[in-house]
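Next come two complexes, and both contain subunit A; in the first it sits with subunit B, in the second with subunit C.
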Partner chain A sequence: MSATVSLPTGSRARRRLLMFEPYLYSAPALLLVAATTLIPIVIGISYAFRNIMLLDPTSGDFVGLDNFRELLRDASFWNALKNTVVWTASCVGFQFLFGLILALMLNRPFPGRALIQATIFLPWAIPTFLVGMNWSWLLNPAIGPLPHWAYALGLMNAPDNILSDPDYALWGPIFAGIWWGTPFFAITLLAALQSIPREIYEAAEIDGAGGLERFRSITLPFLAPTMVITVLLRTIWVANSPELIVVMTKGGPADASQIVASYVFTQAYQGLNFGYASAVATALVLLLLVYAFLLIAIRQTMLGRR
Partner chain B sequence: MASIDIKNVRKDFGPVSVLKGVDLAIASGEFAVLVGPSGCGKSTLLRLIAGLEDASSGEIHIGGRRVDDLPPRDRDIAMVFQSYALYPHMNVRDNMGYSLRLKRTPQARIAEIVGRAGAKLGLEALGERKPRELSGGQRQRVAMGRAIVRNPKAFLFDEPLSNLDARMREQMRFEIRKLHRDLGATSVYVTHDQIEAMTMADRIVAMNAGIIQQVGTPLELYDDPANVFVAGFIGSPAMNFLTGEARRGETGVALSVGGKAFCTLPQAVAVPEDGRVTIGIRPERIRIGVGAGQAVEAAADLVETTGAASVVHVDLAGQAMKIFTTERLQLSQGQRIPLAIEAKDVCLFDPAGGGRLR
Partner chain C sequence: MRGSPRVRLIKWSLHYGVLFLFVVAALFPLYWLVKISLTPNDSLYTHSIDLWPATISLEHYATVIGNSDFLLFFRNSIIVSGVTAIASTLLAAAAGYAFSRFVFRGRYWIVGVMLVTQMFPLVIVITPIFSIFGPLGLTNSLTGLIIIYTAFNIPFATFLMQSFFDGIPKELEEAAMIDGATRFKALLQIIAPLTLPGIAATMGFCFTGAWGEILFALLLNSAASTSTFPVGLLLYSTRATIEFGPMMAAGVLALLPVCIFFFLIQRYLVQGLTAGAVKG
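Take a look at the complex of A and B:
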């Protein structure tokens, strides 16, 4: 301390060094992140402005916004975008709804709860690829029972495979996705439910709140932060997950069940058009970024009000 | 305001019997304190009255009406929890007004009632705060406010002060009593702290292991305990218990400890056949010095002082005993001191069942 007072010039240099100190410490980590995350993203996005056909050695020229202009005219892309909304909203919506119901049921003790809980969480442990295979078999009238049951119940005019029906093909992967993703919501919501002190419910019961009112005025406010963050994460996750669709319908028939993520996959690895695929992917990233910022803003205002 | 009558109530959790037949009548407007060691079933009894738990058998009446089958909200009671159980996402005013809002009371009327309760508890400036922005004592007050606002037939308190520091506890004790004096509502107050019980209660209900041991005013329990449990639980420092012998003689019942004469009780007192008894005497009733009665000699062991008073630990024929005195004594270890013990201060207990011998 006394040294810095007696040497003002030295102390200034020292202070400047101190200013950089945090950056010096974090530099290795930042470099690592840049090398492994940022650079691939930038390169990937740069493909969107080039004409890269994997099997065409003369390709690779810079084409400006051509890929994006084509994108705007591409009916398959717009259909995939519409399907992405349907796919994501139905998957996340039903996963959330069923997960919430399961969590509420599992939150109260009953005989055999541990066993049922373990069974319910099982789908989450199964690889998506297998889930997709399993459901395509279940939906296939040649080997699976579901079309016959739906026919017997009068839900279908004939025991057909919905995966080959352009109007309904998307619903096959949606069923599988709901089945697979429900446990995620059940687990996280159950954990949040169990952190609500029992006495708060009892106080409300004495104050005269019925079951519905207690759910509205205690359970919901307690769960809201968990709900928002899980829905936000799952929405991005589900919108970005083409596995079930690729496995079950390959986006078909005739791109009818394509979502943007699976369309990227098809363009890149079946069309081998990396430039165009990258433009589609960039569009998807932009849309999801807008969505993420919206939800984070909602969450901030909600936390502010608490 | 209403009386509370509990008739032969039992409560089992699976194979565990927590309340083993409780009979209790609490008069309208009375401040009754349920006291007992941890796990004796105090909270369970309170929760049965509130309706948060169903009795395995027996009847509960509030204001003459049987309430066993009514849900908590129809029993017209208010409860203050140990954890306060405030609604964390509501501000102080909404916490207090919640029950009124559920009853569809007009906004203006809610504001008026909540305002009045808040003023009574010194919460006026805190109306907009959330519970997490309050101190423990303030949360405690909000919990009380929430109870007052409902204007219930009875208040139930479950160890409401146990999360506060000693000074705050003393103050809240006083405030709760004052509040009870103002409102005059029947109150059942659970605590494991016998000082709280002594200072607050109109009547104390001493419980142990799911059974009511004694019901009476604080001084009744203090002066005339029904058994070893009550005698040992009420009072601080606790009553001394000595293993002794009782022999009926010409002049009365002579008590001896370790073969040495201790004191002589009147003939009327009951004595077991074998003469073995537990002798109870409160530390503050023992005088150091030679008195009118027989002098008993003990050896000083250790003196603890709080400033206002001292506790002298002594050894009487191999048994430890405490003496509470306001005198300032200089005693060395092993020093022999005479003790004066009067027959009226001695309680006799049956060593087998712990019951009082009278």
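Take a look at the complex of A and C:
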């Protein structure tokens, strides 16, 4: 190093070093990401076409599309797919709705705003596993108040734990997910709101635009790109996140609250059938790709029309 | 808000009323966690749904701290999260600096690789990583978890660090380089001190991410000696006789470092996002 420093600028050795400099800085990060994410993704997809059993050294043959044929006949998979739609739509829908309300209310200054903002954003900082455990305690009639309140309000016939009810078990993780993810939308939308120039509102007000009119013709158009991107990314993220379900129900009772992502995890964790688990994961990737392309296409046509 | 004083009063009461509901909803689960952790065993089940505990005691915290397993889980989590935070921030700072200051061939490919890996569901790498790490002796090992968590944190941390470097004028290190310093020396002595808040925020993100991760911790490290706190707590909760009091006390303890960090950075977080949005 020190030898090259003393060379005059413009010498070939120095220029070559300068050319390599950005690669030296970015290589360690890139190599680690490639080795532990990119290569495993490729291997994972290849597993989907093989018969791989953990603890069985004779397995590992290529079986073509057998895993996917099994997938099409697997009732648990179709149920998990249906649950993934319910889980993702409910979580993202309510998180977005509550987040938007919060962002609009926190956008103008008022006494106590900083404190209220910090408090409302707090759930986002709680580690996911603890969110899951905290909500399963709240829903547990032995120590949690929620079943007793629901019973008192007539929403339930008895103060039971919904996490052990096959018809409603998925709603436990959904409640936890809404509670946990709402601040994320609030933060993102609030940041977007605060970047709208004040002058536009002032001009509209001088022109006599009412509150609703200003929201429709200034706030919404300015917010729309952020909304679309955030919802797109968040949907993918929520559909991919099995943590709350793994912690709260393990997908049970009897796979009733399983989503595709948690199905992959439980297959790998208990089933030891790595080939099949990878086929399910690959199917999830394909579905998400289709979803992303659809959303981008919708966005393009919307932008084109404007 | 415009309108007559009466209308304004109604509007403001509505404003605070709705916000109050959100505050209650945000705090209630955490309040309950703390409440149960402080309720002594003799009234825990008989008065389980009272809003206030009749008596308060720290007996559950004593049970947790006296339990050597929990101390071990806590130690494991601190090591894993701490080393992950330092390693991923160092690597991400270097890469973020390169993206911020250089235009170089392959830049878009590198950024693309990092973005693409973020789009894939984590579950697809679960089986391959298990198969790769097994023979390397990285299952049931803290090192294995550190490697995984560092890699998962790097893409986001890199973009975060890049935005911090973007906020520092290029002229600062150019001036130092004209004075004869190498770029690396200018980076260490002039730029790094200016990005300290950014470095702290990035480390905080990586620390909390690793602190709460459960899927890989559960799958890779099944032995109690290498379990992290989340795994220890989850396995504790599935035992035949569940002691809710100590479990919730342990939950509160797991929460403390994260909450402190969050209160320190949350104002800064909205500012950072706003700056990013303005820059577009």
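Following the convention adopted for this analysis, the second predicted complex is superposed on the first by the 259 of 306 C-alpha atoms of A that agree within 3 Å, B and C clash if a C-alpha of one lies under 4 Å from a C-alpha of the other, contacts with A are read in each partner's own complex, and residues count from 1 in each chain.
One rule holds in what follows: a contact is a pair of C-beta atoms (placed from the backbone, for glycine too) under 8 Å apart; a residue touches a chain by one contact, two chains touch by 3 or more.
These numbers come from a predicted model, not from an experiment.
Once the complexes are laid over each other on subunit A, subunit B and subunit C both fit without any clash. Looking at the shared chain after the overlay, A:199 reaches subunit B, while subunit C stays out of its contact range. With both structures placed on the common chain, the touch criterion links A:236 to subunit C but leaves subunit B unconnected. By the touch criterion stated above, A:53 is placed in contact with neither subunit B nor subunit C. Of the two partner chains, neither subunit B nor subunit C is touched by A:89. In the superposed model, A:207 lies in contact with subunit B only, and not with subunit C.
Once the two complexes are overlaid on the shared chain, A:121 sits against subunit C while remaining clear of subunit B. In the superposed model, A:102 lies in contact with subunit C only, and not with subunit B. When the two complexes are superposed, the chain touching more residues of subunit A, out of subunit B and subunit C, is C. Of all C-alpha pairs spanning subunit B and subunit C in the superposed arrangement, the closest lie 7 Å apart. Subunit C contributes residues 12, 15, 18-19, 22-23, 25-27, 29-30, 32-33, 36, 44-45, 48-49, 51, 91-92, 94-95, 97-99, 101-102, 104, 106-107, 110, 113-114, 116-117, 119-132, 147-148, 150-152, 154-155, 158, 182-184, 208, 211-212, 214-215, 218-219, 230, 233-234, 237, 244, 247-248, 251, 254-255, 258-259, 261-263, 266-267, 269-270, 273-274, 276-278 to its touches with subunit A in the complex. Within the complex formed with subunit B, the residues of subunit A that make contact are 197, 199-200, 202-209, 213, 217-218, 221-222, 306. Every residue of subunit A that touches subunit C in the complex is listed here, in rising order: 1, 5, 19, 21-23, 25-26, 28-30, 32-41, 43-45, 47, 52, 54, 98, 101-102, 105, 110, 114, 116-131, 133-135, 137-138, 142-145, 148, 179, 183, 187-188, 190-192, 194-195, 226, 236, 239-243, 246-247, 261, 264-265, 268-269, 274, 277-278, 281-282, 284-285, 288, 292. Interface of subunit B with subunit A (complex): residues 50-52, 71-73, 77-79, 81, 83, 85-89, 98-99, 102-103, 130, 146, 150.
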